[in-house]
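Each of the two complexes below includes chain A, the first together with chain B, the second together with chain C.
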Partner chain A sequence: MSKMVKNAAGRMVPTEVNAVPQTPYKGVGQFQPQGRKTAPSVAQCGDFPADGDKRVATLKEALRKAGLKSGMTISNHHHFRNGDLVMNAVFQAAAELGVKDLVWFPSAAFPCHKPMIEHMDNGVLKRIEGSLNGPLGAYASHGDMDGVAVLRSHGGRWQAVQDGEVHIDITVLAAPTADAFGNATGDRGPSACGSLNFGLVDSLYADKVIVVTDNLVPFPCVPWQIQGNNVDYVVELEQVGDPDKIVSGTTRITKSPDRLLIAELTAKFIRSTSYFRDGFSLQAGAGGTALATAIFLKEMMREAEIRARFMRGGSTKYMVQMLEEGMMDYLLDGQTFDLEGVRSMRENPNHLATSPFTSYNWHGKGNFASLVDFVVLGATEVDVDFNANVVTHSDGKMLHGIGGWQNCLFANVTILPIPAFRNRIPVIVDEVTTLCGPGELIDVVVTERGIAINPLRQDLIESATAAGLPVRSIDELKREIEGIVGGPPAKPRVGEKIVGIVKWVDGTILDVIYETS
Partner chain B sequence: MSTGRAEAGVRGKNVRSDCWIDLEIRNSGGIELEVSSKVESMYGDSIREQLLRGLTTLGIEHARVEMEDTGALPFVIDARLEVAARRALGELRAEILPEQRANPTPSARDRFRRSRLYLPGNTPRLFINAGLHNPDAVILDLEDAVAATQKDSARIVVRNALRAIDFGKAELMVRINQGQRGLDDLEWIVPHGVQLVLAPKIETPEELKLIDAKIAEVSAACGRTEPVWLMPIIESALGALQALDICRASANNVAVAIGLEDYTADIGVQRTLEGEESRWMRGQCINAARAARLQPIDTVFSDVGDQEGLRQSVLEAKRLGFDGKGCIHPRQIAVVNQAFAPETAEVKKACRIVEAFEDAEARGLGVVSLGSKMIDAPVVKRAQHTVKLALATGLLDETWRKGKEVTS
Partner chain C sequence: MSKMVKNAAGRMVPTEVNAVPQTPYKGVGQFQPQGRKTAPSVAQCGDFPADGDKRVATLKEALRKAGLKSGMTISNHHHFRNGDLVMNAVFQAAAELGVKDLVWFPSAAFPCHKPMIEHMDNGVLKRIEGSLNGPLGAYASHGDMDGVAVLRSHGGRWQAVQDGEVHIDITVLAAPTADAFGNATGDRGPSACGSLNFGLVDSLYADKVIVVTDNLVPFPCVPWQIQGNNVDYVVELEQVGDPDKIVSGTTRITKSPDRLLIAELTAKFIRSTSYFRDGFSLQAGAGGTALATAIFLKEMMREAEIRARFMRGGSTKYMVQMLEEGMMDYLLDGQTFDLEGVRSMRENPNHLATSPFTSYNWHGKGNFASLVDFVVLGATEVDVDFNANVVTHSDGKMLHGIGGWQNCLFANVTILPIPAFRNRIPVIVDEVTTLCGPGELIDVVVTERGIAINPLRQDLIESATAAGLPVRSIDELKREIEGIVGGPPAKPRVGEKIVGIVKWVDGTILDVIYETS
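Take a look at the complex of A and B:
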């Protein structure tokens, strides 16, 4: 058991996790990294086929050639979301090869990866290092996983690999289209998913890179989102993904009248600020409320006769429509959520695939997320100091990944539109169960019962008040909500054992997650 | 106390923010609680305490309570428990009453009733945020939106909601059932803050008088002094023919509404979007209402996906002389409120008339004039109404007299 120390956010965190020494969170921008970036070993072309054909007959063969051994770390990107057919096949092959104690390091895991539980139970897989939700989240929350879950943001994952905190032995990158040299793209093919850029860091830093595709094209595969020059082996499979679960045919905005009310209020708030001007920028996710906010905003942009320089985020048909209707100059795409998004990325030069490096990495020379005027994010809880939680629910269970959430907090105006309570559970609490975002970076909470603005942002309080919006103190909102739901919720009943840690964008430990029954 | 067993509430895969209770009242053995809740770790203890408190209030000492909870709010838990107890025992004198909320917005005879949001009486989940959408009124419905087997339940849920839920500035309306059941409904709502009763399918003035008398009786018994307004709904051929008498049947009548589904069925025609078939009836009811100084209120627009169709329908209603329209979805409210708003030019003119009138009054003049024109009293009255409507819709703010321009 490692020592526990109090970090700059007042949370008790361990000094060592999974046998790796850890740095406690020191405050926003306070941790100064040392040393040089890590790098894979030098390769030479003479070790690779001169004709560029790196194909290997089976996944198992590729893993064997890549030198798969017990205890190794295997990674992948999550662009296939819940339609991924590759990673279950990878660990099945590893089980057949008789290796044990592997670490899986995905950029996100999904309910389709439930078979990993069996691999953990029988020792093929030791633990998962990455966001855990659904059945895997429940498994880890219950304390059944060997070792501690390390939860990172998308930018934090790049940082951890780049800084050498996580060493990837083998990465397996599913590719909707690829050539035999290993060039790969996600914007076309039967399993098209748009961008592949969550796998970019893996392709640059892993010892061995395996590209797996069901749509092999003759060299060159363009665009080469993944460059074949970083790739060791190419494997053809019958099918790498389930298209219906990779992208949705139709993204829908919310129909809930209360969510629409929140979205409308969020858009009105955005309009009330001085940042709402010609050439502004916005990041909105693909969640129903965020999408609805963008739609309300679109009308307000029309009325005000202004357009955005760029919008960021998971792309959907609604963002594509705004791009095509000239409401923005550029769409900077982090991941692509529906078929229209995929089509637009393929056809429209102003629809660009960005990566966690360009967008989110804190240990770089700036990143795009901090250039954004408005970001619209979700949260499971916010406390009276504007600290927010996005990974656990009020019962303490790990239910969501951090995604790009932490990285986005650096926008000019960070807005959390959230319902005041969900199914009786209030969203505004005294102290968040798990700290994922420090309150100093969270500017506004928009609920259907009013807008709470961080006292640090007097400018926003003034502009929203002047616009006649229902600005209220967060304490007042909290009291009103508790009056409705029957008092504040009881604290979650958690055990002694730490089952997860939440990393801040700089690799320090922000908080821990305890086991729940 | 006698024994018995009954269920109340709802459960199932798609149920949210509600609960189901199976109550078995016994002769001995004390209280046994078996609670499974989606919010167990946050509110499990609170739920058990509430059930124990409720049983004590009802005087039940020995019982087994099984509960499946999907995040019901306290006023719902109380209602479900009380309904189960009433069903188990047949009769029960005690009630589990939630605290009466502090400041219900007072009602007035001539307040706006442009948008009234219908809320099914046994679906409390939809009540909580209804007021946030700014309807002029909410209608807690005990009639058509409640299944015949759940009428007893809806009464208790609605009673508790009247006491516990903050509906903002909305007037608190309840639509009661027809006939004797409707008269019985009044006992559950009149003592608990209902501000207006919608009386469905009124065909004769006598029916309305019975309701009025019952309200007076219940009010007297519970010490209620403020009036309960009435809004009869005319939705039959006979009702339409007796519209004026119905409108004059009670001093508490403030508005009259029409229901076209039942009316068109009654006269044996299909209801169309154009509404040719109900033109006479609407004209008849509007004139009867105006003759009796009541607000004529139009029926609902049932396609919740068609906002533009709704807007056109409200504009038509306004042209015909209606003052309000029923809403069946919160997203209809803003459209209805805005469509009933006066035109900008109308507001500007009304402001000038009202200012001229106030000026004449201040100077003790008996005659109001604007420029070279004399202004008649009814014109002043209409202008005052327009200004009020403009203030309510945000077209004017309270400082308009200081020369503030109309904002849109």
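Take a look at the complex of A and C:
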């Protein structure tokens, strides 16, 4: 694992991980990338069927044709979420082909991927490169995985592939609809999931691209979210996803009185700023508190007679409703969380699928995330310097992925609406267990006991105070909460083995995660 | 100019052009590319404005910020056609900045770009890399240009940039609508031209990308045909294009009786094949004969009660009408030729902007062109081996660009409807003056005096003969025409200096063009 050095956030991080040299975090915007993007091999049409029919009979045959060998890296998008029926079949086929030591590089893993543990135990799969949660997170947290989990944001995953830090040998992209040429879309078909854009970078940079579908249509499959011109093989399967589990369909506004209070305070805070004006923009997640915030905000927008230029988010029926009611011009969608979102993306030209390239990639010429006025995010912990954690709790266990969270911190006003404590464990702490977001990018913490505003944002302190909102210092909030629950959380009991690293958006290492019992 | 070698088509071609080593044509599909695609430098968002506003005050300032230096290559798309008001301004600004020896790499040049001759005479511009016609074609044909004109197809231009054969230092992309982040579209705004996709490859691979617009909208500009994430600077100008000249608006069906006969024969020939069936596909250009063919075909489709799955083309009101009347499912549009095409692309989700990547790039994993059943193309000459010419006439003068012509030859059935002679000069010859398309890819030549079918396509000979169409051998046709006009055309009077080369779709040299007086 090489030696440990202290990074610009004061965290000790390794200089090498999984046999790849690493750069310690240098501060926001302080790491200057060198060199050129990675580039795939030049193909020629003469090596592909002139009639455009790239179908092969089975997944195993496609993997064989793609040159699957031991040690290769296999990737996929996670748009089927917990309803994915493809990736377990891929590694089963790999096992039958007798290959070993594969690396799995998904854009996210889900509890349905529990069979990967068996593949790791029997050596087909060496390790998983990506955020881990559920049974896979527990496996890695216990130190059972051979190698270190590399936790990246959605934008960081694009950056890592684009910059050549992760080379994808074969990607397998499941598609709710596709043609035999490989054009593919997620917005229609029996397994419709909305956008396929988390697989876009894989389609652009992987050596071999396999599209798998259960709904083959005559060329052209429209829209071509994935372009057939980047695809090598197409495989038809009986079913690629379980529709009941692909979209949650159950995303609900919180009913907890405390959460509702936090949501209302968040909306009032947004209204108090000078950025709440006609043509503003907002990104909110699909969590219960974020959804409730959007509902409160909607009423305030009506009262103020203003509309948003755009909203971003995992889309839900609530966002779709606001789009259709004319509360915003455009809905810029990173991933689609329910069937109304899928329908709207398919039907409404003002509901646009975005990709981690347009939205989040830090190693581009700007991205959409920094153009957003307000972003409403969650966190497991925040410390008195406004640093925040989103992947572990105070017990140190690797529980959540980063998602787009780090990328969104670049919004003009970053707001974390969080409860003061969870299960009598304070959420505001002296120092976060795992550093995921530098405090300088986090502007506001909204709890049911008051609003803490980063001293770097005097503008926000002034407007919130003038609006009569309960602005309090974060230290004062922390003391009050500790008074209620009887003190700060216990230090996590962790071992000496590093089981995960947290990458910053630029590919440098922000922090590490140690094994827990 | 290095030594000359004989290529696989029997033409003598140089091994080096404009100081770049060249590969002689090796036969269709015989050249196997090596290595990886070129790749632009890795950028980082920290070097770009966090609020996404990339505007700079003037074109000159943008060129200066982009690091304009003598010897650089500057590119642009040609979607404004003869109405372009930007590129002359770019080179005027470059002249004022005192740089020399620039290379201009447009996707096409037009008569409005005549001022480039002055820039070549005074040394600001060293040469133009691209197809040349009108006054620029005459200038180059006379041997007045310093360097050789490199004629590429639309797909060949993508291939050349993608493969790193042409490195673009700065691209200037004029946009009918854009936002300050650089997202840009051509389908709306006072200078609307439809698609901007001929500039897509420039936006992906150029070191610096400047978007120029006369219609700035608040972020996001939708659709983002050009992605702001690839853009460095945005410049607002009073007017970027002359709407009267951007779209022709005058594309008309031929009224010539001979041409109408050729068009009708072409349509009847298409109907006679087994590929004329429900779900077929067709690409036709915007020339008068091609348009007339489509009109005849439309009636035959109605009679046969079949519809097309898709049609491709420069779009015109005739194609739009067929789309809106349900004669096809999708219109796949390479460039938009009239205002009805622009409107349809903006309004109709089944009218899709395609790019040279999806449609034509030979160095991809397949392209759309080879999936087309019938393509109807023009030619200046065809020889008895079905080789065809599209860039010179029998006098050897460089008069036309290649456009998508070479790329389209990969359709299942390639048809050239051409008059038997023009100005009493036969069009069917012993050997084409300039080889642009290998005979093995050209299936049918339709003249007012009969239909010649390539002996390689016995299937087509059989079906056309069975349908009672006037099938004749190409030698017989040639003899008959020569009998009428008094013999074959005179050999062109050319000098010894090579003024242009014709690239094949894979980047190899197919033929050369010599200076003419």
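By definition in this document, the second predicted complex is superposed on the first by the 514 of 517 C-alpha atoms of A that agree within 3 Å, B and C clash if a C-alpha of one lies under 4 Å from a C-alpha of the other, contacts with A are read in each partner's own complex, and residues count from 1 in each chain.
Quick note on the criterion: a residue touches a chain if its C-beta (ideal position, glycine included) is under 8 Å from a C-beta of that chain, and two chains touch if they have at least 3 such contacts.
Here the structure is a predicted model, which means the values were calculated and not measured.
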Broader residue contact with chain A after superposition on the shared chain, chain B or chain C: C
Which superposed partner A:F181 touches (first chain B, second chain C, both, neither): second
Partner chain in contact with A:V222 - chain B first, chain C second, else both or neither: second
Partner chain(s) touched by A:G52 [first = chain B, second = chain C, both, neither]: second
Partner chain in contact with A:K69 - chain B first, chain C second, else both or neither: neither
Touching residues on chain C, where the partner in the complex is chain A: 28-46, 48-52, 54, 162-163, 181-182, 209, 218-220, 222-224, 227-232, 279, 309-310, 330, 332, 349-350, 352, 357-358, 361-368, 370-371, 410, 412, 506
Interfacial residue positions of chain B with respect to chain A in the complex: 16-17, 38-46, 50, 70-74, 128-129, 132-133, 166, 329-331
Residues of chain A touching chain B in the complex: 257-258, 260-261, 394-396, 422-425, 448-449, 484-487, 489-490, 492-493, 516
